[in-house]
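Residue numbering begins at 1 within each chain, and the chains themselves are lettered A, B, C and D in the order written.
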Amino acid sequence: MAALLPLIILCPLAVAVILLLSRGTMPARATCGLVGVGMGLCALFGVIEAVTFLNGPDSTGALHVVLWHWIHVGGFDTSFALTLDRLSLVMMLVVSCIGFLILVYACSYMRDDPDIARFFVYMNLFVASMLLLVLSSDMIAVYFGWEGVGVCSYLLIGFWYHETPNANAARKAFVVTRIGDALFLVALLLLATGVGSLDFNAVIQAAPHAPHAAITLATLLLLGGAVAKSAQLPLQTWLPDAMAGPTPVSALIHAATMVTAGVYLIARLHAVFLLTPGVMLLCAVIGFVTILFAAGSALVQTDIKRVLAYSTMSQLGYMYMALGCGAWQGAMFHLVTHAFFKALLFMAAGSIILRVHHEQDIFKMGGLRQEMPGVFWAFIAGSAALAGLPLITAGYFSKEMILTSAYNVAPLFWLGGILGAFLTSIYIFRCVFITFWGEARTHAHGRTGIVQAVPLAILGVLAIIGGWMEVPDSLGSVHIFSNLLSPVLGELPEEHGGAVLLLIGSIVPLIGVSLAWMLWKPTGRAPEALDQPLVRVLRADWGFDALYDVVFVRPYLALGRLNRNDFIDRLYDLLASVTQFFGRAFGLMQTGQVRRYAAWIAVGTVLALCLAV
Amino acid sequence: MNPGDPIAAIAIASILFVIGLLGVMVRRNLLFMLISVEIMLNAAALAFIAAGARWHAADGQVMFLMIIAYAAAEAAVGLAIVLRMHAAGRGTLDADTGNRLKG
Amino acid sequence: MMFALPALVALPFFGGLAAWLSDLRGPARTPWLVSLVTLALQALLLVDLSATTFGPGWRAHFAAPWVSMLGIDIRFDMDGVSLVLLWLNLLIAIPTVLLCTRHVRDRPGLYQFLLLATIAGVNGVFLSTDMFLFFCFWELMLLPLFGVLLIWGHADRARVTLKFFLFTQGSGLLMLLSILALAVINAHDTGVLTFNYFVLAQVAGHSFLAPTIMLGFLIAFAVKMPMLPFHVWQPDTYAESPTAASVLLAGILSKTGAYGMIRFVAQMFPSATAQIAPLMIALGVIGILYCAWLAVAQDDVKRVIAYSSISHLGYIVLGVFSGTRVGTEGAVIQMVAHGLSTGALFIIAGFVEERTGTRDMRRLGGLWPAMPQFSAFAMFFTAASLGLPGIGNFVGEFMTLLGAWQISHVATFLAAFGAVLSSVYALTMMKRIFYGPAVIEGSQPLGAPSTPHLAVLGVATVLLLVLGFYPQPVLDLSTPGSLHPQSLSLAEEPAR
Amino acid sequence: MMSFSFLPNAVLVLCVGALVQMLGVAIGRNVARDAVIGLLVLVASLVAVSMPTVLYMAGSVALFAPDVWASYSAVLIILSAIAIHIMSWRNAVVSDATVGSEYYLLLTLATLGGVSMTGAVHDVSFFLGLETLSLPLLGLIAFRNGRIDAGEAAMKYIVLSGVASAMLLFGFALTYLETGSLRFIAPNTGDMPEPLLATMGTVLVLSGMFFKLSAVPFHLWLADVLEGTSIPVAALVAVLSKIALFAAMVRYFASVNLYMSGPATNEVIAVAILSMVGGNLLALVQTDLRRMLAGSSIAHIGYLLVAFLSPGPLSFASSAFYLAAYSVSTLGIFALMAGIMPQGTDIRDWHGMFRRRPMAAAAMSIMLLSLAGIPPAVGFFAKFYIAAAGMAGGRLGLLLILVMSSVIGLYYYLRVIRIMLMPAPVERPEREVTSPWFGNGALIAVLACVTLLFGVFPGTLVDLGRNLIVMPSPPPGSSGQP
């Protein structure tokens, strides 16, 4: 079914183009219909493609579709080619299906926005480029998708253009990720000149024979690109601000898909990364630090979306730690489950925000349990999965998978992971308790429409049962997911001490939840966001924002202002005025007095005589 | 001074020439300037005579006559111009004052 | 086909003349129509040329004696690069003529004539392979622009125009010296005084004076492009000139400099170029970063675009002086893409100025709801200028960087980081003009955009996208024709 | 050694014409008649140049050389004289009929001087020509009635040119002392009894010539004279006398090897550099159009000297071409000033000229572009030609200076064009513009067309200059010893 592969990308693209050409004249209802149909087809094709591929002749191999040659100069040759193997299949399913759900949800979320057409143009463009990113077999095409999702995220963060903060957040997001993109680009140059092609297989085959330094540099640069895209330390500052965009955007881009692109890229090139253990260690460390960093910051946020943003950061930290430990399956598995429950959480939060007059401060909410039971249960499901409550949630299994392999690499990583899990359960349930328990501090109006409820329900279910496709040996081993990916990512390594770790990993979240209950259980008075300096620093991204602002942004802009009209120009002006000066000085010879003139003639002659003799 | 050796005469001529040049440079009175120019011309004429004497040729004398003629003509025109300026309203013969043309 | 090449030069000139004369009597729109017809004819001519000439290397040739005693001929040759740039020239020319009706009230005929004369001169520069002729066109193409700037420019035009002219002409004289030096050396060696490019190119290679002679060319082209440190005339000129002139300057005249670097520096003096390449690449990278840095600090929209334009031309320098094929072809792509995107940006800036009455971004803001289509286009071309993949500029930047990477890793790394800085100023510009609360000032209300504008911008968008996703056809064209004698079957001596 | 001497036809015709004009003035004053006669005389001499020589004089001394260089320069001189003649008519100079007649007589005499200088191969003939040029010039400079400026200019000129003539003569004397011959040719100072004196002689002669050419540092009089006198006479000073002098100078140094750095060569190089830089600097800061043109003409002399300094096949051809180009453009500008704005010589008076007199402004721009050396005007090709000669002569340093100084030149020429394009500032009253009389208008048109045509098709003029490559014949028997 090679023919379907391009169609999967073309569907959202076509929708985007149609909406673009309609120039916003299309009524909202028609727009939603079009989007629904387009993304529905996209998801449908995705599923069909997946089924046919897995039942196909070489379901362990890859399906190649070469579209056209991009550049063919001298020895360098790149082409637009799509490839479908089990890895990209997983990603493709996540993007298309969850994308479908989120866009359906968005139809009702953005119902009243006059610019809904523009919104869906961006969204569909995003889905298209994300699909290009995950499906293409050539790194240059990946880069196309990579930058495409970046610019779409910029456009969507700044979607409500009339508020300057949004514009700033959007610019920040793009510029910070652009740093990573530049690193990625340099990596591409390195590989292109070294290998002569940017095809994944070619690169992977050429890597072992290449000089080790070059490979290290390449992986380092790729890691940098991935880190920026996934908002890991030290390039994490953009993600919390990115919450300025509409909530579906946060759900789709900044939770489910775009931020995980880096994980996908590294997993895709794991063979190359295996050659450079140093870089992998660095990757693990980055993940390790980010887990704790983001969890700590999430602990004190007051804005519900920022809580989720930081939790996304720390969950991605888990994935990077897994990648660093070589647990490719674990990373991918967590990616999938995280896509389920984080999208769920965001959409639930979106429904809340929608119904409380775009209020996002959890301390201004409360007692929403009765007001919106459906949303409440959805949020509970998501939180449980995020906190990784044992056995009944998807998050539990994926996290355990990572922790086990982390333990096998270095117990320290495992410890960090456990600590992170502890914090996670605390902050997310802090959010739950404050938001849904206690007396109502705000009035929710309207009711969550069916169009929002259905995606919530589906994702809620997935968030609960989604984990059972990969159950560790200790409790009746199911290995559907890892078996699915093993042709691409290699066999699962043998694990030790599984049971004990599982036990600890199951208890810790429960402790966390109960602790959260003790701290924020509904009392007579409204809970207050505590406001100590330390807390304020934590809340403000551990002061990273301020640091970067002082160290990079301000000096750059200030010096630019200082030199705004270009000192080089001044130099030329100086030259001009000097010439003018000489002209005047020379004009002074013209005193108008004959005697002086005669004197000059005499001087000239005498000088000439001296010159001659 | 033997006629074969013109150097002495050339020396005198040069001295005259320099005197004339200095005269032009130091005197402020127009008439004196013109006179100094005449001195320079005559210095040149003298040099021609000396040179002619050296080569026993008449060319020197020819040039001498021409220079005299030219000097006369120039003096005439110069005086005419001075008078004209006077008529045009320039009261003084001082060449330094009242210059209207300058850079 | 013999006279196709001279026709390419003569047609715009005489068309412009006709437009001027038609302005003396008759309705006000006639000159406009006349020049449009002229451009249409030129388009036909180019289509014919592209269709009937084939192959790599030199595709068409024309030669006739001019000042035979000094060995000066009228000699045109066209290879793929010339063809691409001729097309670009036409593409830039059409909007400048098409959109000028709005902001030229007085003496439109003269305006058309000057524009078309410039275009004719540029065509001559891209075609002529007699050094003297090349130099003539090089100087000639500026003269009409001088008039346009002085008559229709903005407030500070007087000072700026002279600056512009001094820089370009002064550097041109240096090039004249170099050309003469080549001719004289050739005359010494062979006893034949000629300005034939191909003959002189043979001399240029193995002359011990080559580095010195090359400098003359190099400086002239560097000033025209412009690149650091000769760029100072450019922001002022772009800012003060009328929209059409800005579009011409940024779109096509800067490309003449780049073209010269490829044809008269890199090709004629390979060894000397290799010697000076590190310096030039360093300058290019510094230019990329420095001008991107300056662009953030500007308040005038046109100045931002101007600095960004210099910054992007740095990539061309990288490509040309990388000495690699991929770099050179990338430079050509970059020329085309940069011409289109920057021209479009200037059109948008001109439109904004025309509607709001100001170019000062401190007084602009929140224009998105007022002009949604234009904001969308502005977004696109901004994205183009910050090198988004899928748009032509990325192809150029990627290939030039690919070429430069083989020379210097560090320089290429820094140049790639220019992408970050470019995103900073580009998005800042977007934010300051289109985002934020709406503060619409200026006398005219922001009416609906004129259809011609939208059409032009749309065409530019499509072309850039095509270039970005499928650049191969242009790449196949953009290998410069070689100078080896056996390849000069077309470039034989003219009949004396 | 039996040599014959011959008299150029032009000289003959001009002498006779001058006599006729004197008779006319003696009989009775009628400006129109005298003007017509003067014109006829000039035209006749122009015709006569191309005729075969009619008058030979037996004698042992050759006074004039029958070569192409002489007749080319003569033609240039006579043509510019005709142009000046045309632009003077109906001009402030000859407005009052009482004195107008002598004007044309003096013009004819000056032309006579110039023409005879171009052919002179003997000190006597050169000196005669020179003074026949200078003395009438004095009269012309002072010709404006009741103008103190004119008188002052003439006064300065007569004193200084007297000094210069004296230097010239003293130099001749010294040379004669060494060589024993009055051949109009630079001595090669090697094999002389007292080489020092010979060197001094050459240097003095050069200084005298440079004064008449107004090369830095002997240039100071030029600006004042041009400003003081009337516009046509200014054209005469700036164009005609310089052509004559340069032609003579080329002939004088025809036999000196200018590659070797002799005393003469060093001085010429120094003066060339000074003139190029100094002239442009001088013009840069002027606000009076005439003073600006003075500066520019000084600079152009410098350019010419570059060609003069680089002997070779191109040297004479290029300098001949350049002389023509320079004369055409400069005469054009003066004609425009005389026709459009005889009084308005301040540059700011030309504000908005493109709106008030489009054609005149266009012509003016063409002339200025030609002087600035920008295509398509002829000045561009002329500068290119000179640069070619310099490059062939290996004068790279001089050429670099030429380039740098002509960048300065660009500035002030284009500033004038800019001023003509920009509208006048409101606080400054617009000076009224007159419209030139038919002849002057035609003259301007012709000059503009010539500037453009020779710029686009320089081939013809180049081919004409080709046979000038035969360098001006040094006088017969120039070995030095009689």
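Convention: a residue touches a chain if its C-beta (ideal position, glycine included) is under 8 Å from a C-beta of that chain, and two chains touch if they have at least 3 such contacts.
A quick map from chain label to UniProt name: A = NADH-quinone oxidoreductase subunit L; B = NADH-quinone oxidoreductase subunit K; C = NADH-quinone oxidoreductase subunit M; D = NADH-quinone oxidoreductase subunit N.
Because the structure is a prediction, the values reported are computed rather than measured.
Each of A-B and A-D has its own count of C-beta contacts, and the greater count is at A-D.
As a whole-number value, the distance joining the C-alpha centres of subunit A and subunit B reads 96 Å.
In terms of their C-alpha centroids, the spacing between subunit B and subunit C amounts to 65 Å. With centres taken as mean Cα positions, subunit D sits 79 Å from subunit A. Centre-to-centre separation between subunit A and subunit C, using Cα means, comes to 39 Å. Shared interface positions of subunit A, defined as residues touching 2 or more other chains, are 587, 589-590, 592, 594, 598. Residue positions of subunit C touching 2 or more other chains: there are none. Touching two or more other chains at once are residues 21, 24, 33, 95, 99-103 of subunit B. Chain pairs that touch one another: A-B, A-C, A-D, B-D, C-D. Interface of subunit D with subunit C (complex): residues 369, 374-376, 380, 384-385, 387-388, 391-392, 396, 399-400, 403, 406-407, 410-411, 414-415, 418, 421-422, 458-459, 462-463, 466.
Taken in their complex, subunit C has these residues touching subunit D: 66-70, 132, 136, 139-140, 143, 146-147, 150-151, 158, 161-162, 165-166, 169-170, 173-174, 176-177, 180-181, 183-184, 187.
Against subunit A, the residues of subunit B that register as touching in their complex are 21, 24-28, 33, 95-96, 99-103. Against subunit B, in their complex, subunit D makes its touches with residues 123-124, 127-128, 131, 135, 138-139, 142, 146-149, 151-156, 158-159, 162-163, 165-167, 169-170, 172-174, 176-177, 180-182, 194, 197, 223-224, 227-228, 282, 286, 291, 482. Subunit B contributes residues 6-7, 10, 13, 17, 20-21, 24, 30, 33-34, 37, 40-41, 43-45, 47-48, 50-52, 54-55, 57, 59-60, 62-63, 66-67, 70, 73-74, 77-78, 81-82, 84-85, 88-90, 95, 99-103 to its touches with subunit D in the complex.
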